[in-house]
Structure formats: C-alpha cells, structure tokens
C-alpha cells in the first residue's frame, strides 16, 4: 500500500487537522469530527448537515461554507459517522429554523442518521428533516433490497438546496426541494482500478490489467459487472445509456457532472466529458451547466462517474447562486 | 467447569472474549467484506469492541441492564456504518430486556438475546435469507430456545446456539444479498459468506468459550 | 496501461474538445491548440501567455480567465508546444500592450518560447517579454547545466502576475513582478508511483512497492534519489527541509501550495498539508494563504509537491484579488 | 551502387529513410528517454518525421535550400520539446548553407551539416560531453571532414560518419548529463545512453543506407 499517511489509524484525525490548518473559514471539532462554518448559522436560516464515511473528499467537508452545507460529519474511511457526531453537528449548526440531514442511501448512513434524528428531536427539540439521496442507476431500485446507492447527485443537491437555505427558504420548502432534486437526477460510475482502504492495506478487489468494473459505487465495492477495457467513447456510452434508459432528460435544461474517483487525472476527465457531451447532444439532452473534476471520490480509485440532473428554473437559478466552499466556489 | 447461569463477570468476560475473537479474525472479516462490501467490517468490529472493553473497564457496571445498555451506546457511538447501529441496538435492547439483575439463567439470557435480535430487525428490516447477520443470529436463538425448552442450562444452550449460528453463517454463502451493501452486487453477491453473519457467529463463539470453560 | 482515453494519439485533441465543450467562457483553437478567453483582451491590458506539455492539468489551460492567463498553448503530453502555437496565442491575446511569456525552465520550453518571441517580434512587432520559472530545489542551480526546473511556483506566479496585468500594470512592471515572484519561491516534489505517458504505454520508471522517489519533477523523470517508503511526517520533512535550506522564508508572510501529482486523493494532501504546516510553524515561517489540491500534475502519478512563496505586500494583495478560471476561482 | 554526390531525390530518400528508422526504433528511443528523461523522444521524432515526409510529398522541392528549410520549419512546428527546435534548427541552417542547388558533393554536404550543428549549439549551448545529440553529431562531422580531406565521396564519408556517430552515442553512456532534462538526474543520469544522440546516429544511419545502396 502506497499512501501519504502516517498510520492507517490516524488517517482521519490527521486529515481533519490538515483541513483545520488550511481553512480559517472553517472550524473543526476534532473530538466529534465535525467540520462547520466558523461563522455561526444566521438566525432563521435552515441548517444543512451531511456526512458519511471519509475517503470521498471533497465531499462532504469541502462543501461546508456559504451556499452549501453548515456542517459535515466525518466517519472513518468508508464508514458512516455515528449518531452522536450528527447530534453534535445538529447542535452546533441549528439556529432554531431546523436542520436538514442530507443522507446518502447506504444502510449504515441511513440507520445512523435515523438514530441521530430520533435522539436530537427527543433531547433537544430541534426540528430535523432528512433527504436520502439514491441516484445510482447501477443498482436496481427495489423495496425488497437496500435500494439504489447515493452517489454523485449528492454534490448537486448540496449546492442547490444549500442556495435555497441561504436564500431563507424554510425547512419544509428546503426539504421539498431536496426531494425534487433527488427525484430529478441519476448517476452511473465505473472503475479502472480498485481503491485501497488504509486499514485493509491492500486493494479491495483485484482487477486484471485489461479489465474494468462497470457500475461501481464510491466505496470500492465491486461493480455490477466486469469487462474488457474499452476506449473513452464506449465507456461514456456504458455510463450514459443506463441513465437515459432510467429517466427522460429531454425537454428541460440539464446539469452534468463528470466526476473523477480520486486517482484519475483531469486530462482524462475532459476526454470523458467530451464523449458524454456528444452522447447527450445526440440524445437531445440540453446541457446548460457542468462540473468536471473530483467531487465525490473513492480514495485512490481510478475511474469516473457521470451525474445528470434535469433542472427546473428554480434549480438552475439556485445552481447559479453564489457558493463559497473549499470544493465549489463561484459568484462570491 | 461449565456454567448453568451467567453472572455479571461472565457477561464482561464474554464481551472481552468477543473483542479478542474479532481482533484475531479482523483480516478475515475484512476479506469477506472486500468481496461483497467495502473492506471495513474487521476494523469496524475491532474499533467498536476495543471501545466497549475500555468503557466497561473504566466504569464497572453493577447490573446487567446498565452494562448491556452501556455496551450498546458505546457501539453506537464508536462504530458507525451498518454494524454500529445494528450491534448497538442488539445490546441496547438486550439491556432493556434483561433488567437490573446480576445473573441470568438460560431462559432470561435467551429472552434478552431475542429482544436484541428484534431490535436488529426493527432497525435493519432484515428477513431470513437476506444474507445478513440475521441469518446467523436467528437460527442460533431458535436452537437456544429449543434447548432451553428441553432443560438446557446456559452452557448447553450456548453450545447448540454456536453450532446453529455457524451453520447459518455458512448457509449465507450461496445467497444473493437483499440487504446492506452486498445487495448492490446483485447476483455477484452469491458465492461469498456474509461478514456480519460471521462476526455474529463469533459473538456466540465468545459466549460458548466463556460459559463452557 | 489503464486510461480513460480513445487512443494515445488523440489524447490532446479529445481533451481540448472536452475543455471546449465544458467551458463556454473559453475558446479553443483546435488547429493551433490554443486555449484563450472568449472575451478579447481589454485594450491596454498586458496579455499573459503560458503553455507547456500537456499532462499537467489544470496547468495551464485551467488557469486561463479573468485574473490569470489570457491564453495557453497545449503541447503533446510532456512535450513543449511549438513556436507557431505560441505565436498564434500571442496574436490572439495581444491588445497592443505587449505580451508576457511565462515559461517553465525546461530546455524544450525555453527554446520554443525563444523562437516564438523572435518570430513574433520580427513578424508582427508585438512586444514580448518573458519570465523563466525555475523553482525546483531538487535540482542544483548551475550555469553549466539546464539549471533548476520550473514547477509549482508557476501556478502562484500566474495568479499574482495575472492580477497585476488585470490591474493595468504595464509590460515592464508585470515582467519585473514576475521575476520577483520567481526569485521568492521554491518547490520540492516526490512520487509514490510513476506516471504512464499514453504514447509510451507503460510506466516511465519502475518503483518497487516499498520505495518512493524524492525530488521528482512533473514529467515522470526519476527523482534525485529513491528510498524506502516513509510516513507523511518524514516525507513532509524531506520536502520542506531542502526548501528552507535554499532560502530564508522567515520575516515575511508565506503562501504555501500543497500540490497533488494527479493520482493522489485529497485526503492524503490534507494529511501532508498538516505535516508541512507544523514544520513551517516550527521553523518560524508564517503561512498566511494556502492551496491544497491538484494544480500542477504529472498525469496519473501518485505523489505531491510543496511550494512556498515569500510574499511581499503587493504579492499578497494581488493574491487576494479576484480570479475566475476553471482551476482557481475566488472573489468574483 | 554507391553515390559520390547527393541529389535532391536522394536527400528526400534520406529523410524518408530517417522516418522509417525512427519509427522502427520508436520504443527504443522512448525507453532511453524513460531512463533519464520523460519518455517521449520516440513519439516526438516519429511525429516530426511523419510530418516532414508528408510535407515534402505534398510540396515537391526544386532546390536543396528550400527542401531543407521546409524540413526544418516542419520539425519546429510539429515536434516541440527539446528535439523540435534542435533538429529544426539543424535543418534550417543546413538549408541556408546548402543554397539553391540540386546536388551536393561530400564537401558541400559536410559544410551544410556543420552549419546545422552550429545551429544546434547556438540554440542549445551544448558542449562535448554534455550527454546530448552533440556527442553523436560532432564526432560524425569530424570524421566526415577528415574523410573528405582524404578525398572521400558522399558514400564513403557517410560510412565513416555513421561509425563515429555510433561510437559517440555509445560514449554518452557513462556521462553525467549537463544539458537537457537528463541533467536533473545528476549522477543518476550516468549509465544510460542519451536518446538524442541515438536518434542523431539514426540520421547518419539513414544517410549511409541511402547513399550506399
């Protein structure tokens, strides 16, 4: 295992110390592993809290700041944070206007956030709403399973809903918008290599030199299937087709994210974006905004994912609103 | 030197033995989780049980309910992931069910464990055959109850429960997962033993080791 | 070789097509491989042009935009662009106020930019000044060799000098500032893995699983020496010590960049930043601004570099000035 | 069927043969550049010489100066890196020196090549022993001039020049580089043959192949 770390055990604490040192505009609660804005939540503003396992940076800590999250809880690598962390985050971020928990759909994340909401409402009376993001078309949506994973759409949702909260929308409106965004976006990912979880010390899966995994999530889980390495154009098709098969993206402007998994250089992401843009154009999808870069990663995995959001006018307006975080910044 | 009931000290010994077993099998648990999950079940269980052993060492409990609830809370607040709330709820509910006693007989311990399992189901909605820890715990408790009905003490019940848990765990191998992270793999989840069912089997192994020695 | 590309030959053309598709605020001359601002250079504003081999993204194309570059020439992967590209860039960006060429100190880059300047001045009469960035302390500075490489300081220089040009400073002032920045900064890098040049198809060097290269540049060149893998704290020391030995950074505020080489996830960069920040604090260097992320990369190489700039008041003010590019954005 | 002078067609054949040789040796050149550089010398030379062959195929030249200058400009505008300006300047200066002729004898070709080398030095400031293409070209031209002084024709001069270039190229192996990218390696650059000296040797190889066949 080749990593710039001190020990597998200290990865999270050291990274949080680095975030603390690098960002005077953020505060870090090192005991509870909560990253929050140095400036307290404005009275009347709904607070947005997210969190999840670490290893997906800049998600979520890199999206704490004006126009996005108010606080983020960092779990161990690929392990959902615990309810007490979320409760601390809720406590520090709530201004009285209530809190929205943004949860990616994983059994662990959902259960821990559920417990946190139960505890917060029982103990402190904070109004907690939540949205569970489940946008990954690689996984079949079904009532009898854990359902679809939450992946790239989380980034777009945090941006758009963050802007709504910043604008002063109340908890009900912010929550409704969050569900609308979740219903309007889909993602699909692939991997060229496995990632290596520091504590495991070796790659999660073995992938021969001429093979790739299609339909991976963001935790180094094996994908839906494995096949021969192909060129960027074919890979783009394998990502875009299932998304378009799942939902109709024509007739409204779309926001597209071409996301890197952590080990993929930007030059490759632009090559992929080019292929994705061509496919969407051919399919009649009108892309009006885009992001190309590492936004929701899987440690050092080489690979990428595509997220498409069918945006209505409000979402588009909120997308363009100012945002000032370590990971996403414009208009300020 | 087997035991017919279980004392507070033995409950503590059980937890400490469970910590040792998950530590010993940490890489195996992580390997199982690498195949159909995210390669952290070993470190999750070790982190949680280390916290538990430290906690109960620092704050000696005087009754089963307090002990078990503190174990549950410690797991909830130190593990995260799926196993944190699930194992946490298991122990929390066990504590509530056990009450402020200092000793449990086979029936009482069985009832506490059953309440724990119900907590797991309430949290995680798992059913038999979903390829989760349920598939080790449920048959273990069925075997436990049957043995107790036949007059078994804690040691005897623990022994049959362990055998049933292990059988249940091995039986998860061919299953296609319907719950947890492994369900994302669909058909590809078949052919691998479930990590959570394996750590749950270690829980019964630890109990058996504790009460039969 | 595992890469998200179509063919090794089409890497550059496809990536430029992706940049073109993703950034309406940029224009791309696909024949000459020049990326430039969609909005023409304001009359009277000195134009900043840079360029170099591709594979270092976001450098340079990602730094074209308000407050930084006016145009960037993209060469083949790791191969300096050609003089005719630079001439085209010069032509498209010059508003009459002259052009500053920002050149990283590599034999190829220097010679090609020299030829471009000769040609541009002879043919079009454009005033061309240039700065050659040479900040890499891994290489001994000497008159008898090619001298030190230009690496991370290029990013900081493009930001600061870009702000000066945006402010309306004339060519002489902008050029003098560029030299001052170059004289005030130093960098040092390391690699955990080699990169793979697409056309070569395999890693440039073999690095055993337990070894790392210290003192690498940004082209997959082997470093100054190779040694056993170490923890983040020791690696940070190996990067910071030679920088501080080369120049005194106390007594002025410093800007620090913790840069990823392309294959290193952000969580590791924050761990490294934490170690670097501790060392600088102990050495009495007052860090007032920082960047943590991938800014000047080496394809898919895993590794990092540290750049430190001793900033005077003007540099700091220009650093804080608004910038609006794909790779760096604030204050707008 | 060797040649005493070199015609325009043979100059073109030389360049085309050089293209074939760098193509054949592309991976070897890149391998040498991987050891002490950035793994692109093979693709740089192939890209450049492909452009050259295409260019001279499309615009048939009528005199040596026009041909060689066009080759030089094509290299300058298609290669980039260090080798683009260096090989480009080599041919540009050769063209200027050769003048508007359609045939060169051994002395004239030697003088043109010498002018080309001076261009390389003017651009790159290399000296003998810096571990660059200079270390193949300079001894080759010294051998050429000596042979011409002894009355050699183009074929004979090309043959001794090739031998000297190859000797010079091999002699770069122990050197510590002082110019170009390899100089960043310091002592670690020793023990590797210089890629540019190797492509330059192929230039003389191509000439020898052309005029001796």
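For clarity, chains are labelled A, B, C and D in written order, and residue numbers in each chain start from 1.
The rule is simple: a contact is a pair of C-beta atoms (placed from the backbone, for glycine too) under 8 Å apart; a residue touches a chain by one contact, two chains touch by 3 or more.
Just so it is clear, the structure is predicted and the values come from calculations on it, not from any experiment.
Rounded to whole angstrom, the centroid-to-centroid distance between chain A and chain D, based on C-alpha atoms, equals 55 Å. Chain B and chain D have CA centres that are 75 Å apart.
Computed from the mean C-alpha positions, the centre of chain C lies at a distance of 32 Å from the centre of chain D.
In chain C, there is no position where the chain touches two or more neighbouring chains simultaneously. Contacts with at least two other chains are made by no residue of chain D. Chain-to-chain contact here is organised linearly: an open path runs through the chains from one end to the other. By the document's touch criterion, interfaces exist between A-B, A-C, C-D. Interface residues of chain D, counted against chain C in their complex, comprise 30, 34-40, 42-44, 47, 76-86, 123-124, 177-181, 183-186, 188. Chain A contributes residues 2-7, 11, 14-19, 21-22, 54-55, 57-58, 62, 192-193, 209, 212, 229, 231-233, 235, 258, 262-275, 277, 290, 292, 294, 297, 299-300, 302-304, 324, 329-332 to its touches with chain C in the complex. Interface residues of chain C facing chain D in the complex, by the touch rule stated above, are 53, 75-84, 106-108, 111-112, 114-115, 136, 138-140, 144-146, 149, 197, 199-200, 204-205, 217, 219-222, 224-225.
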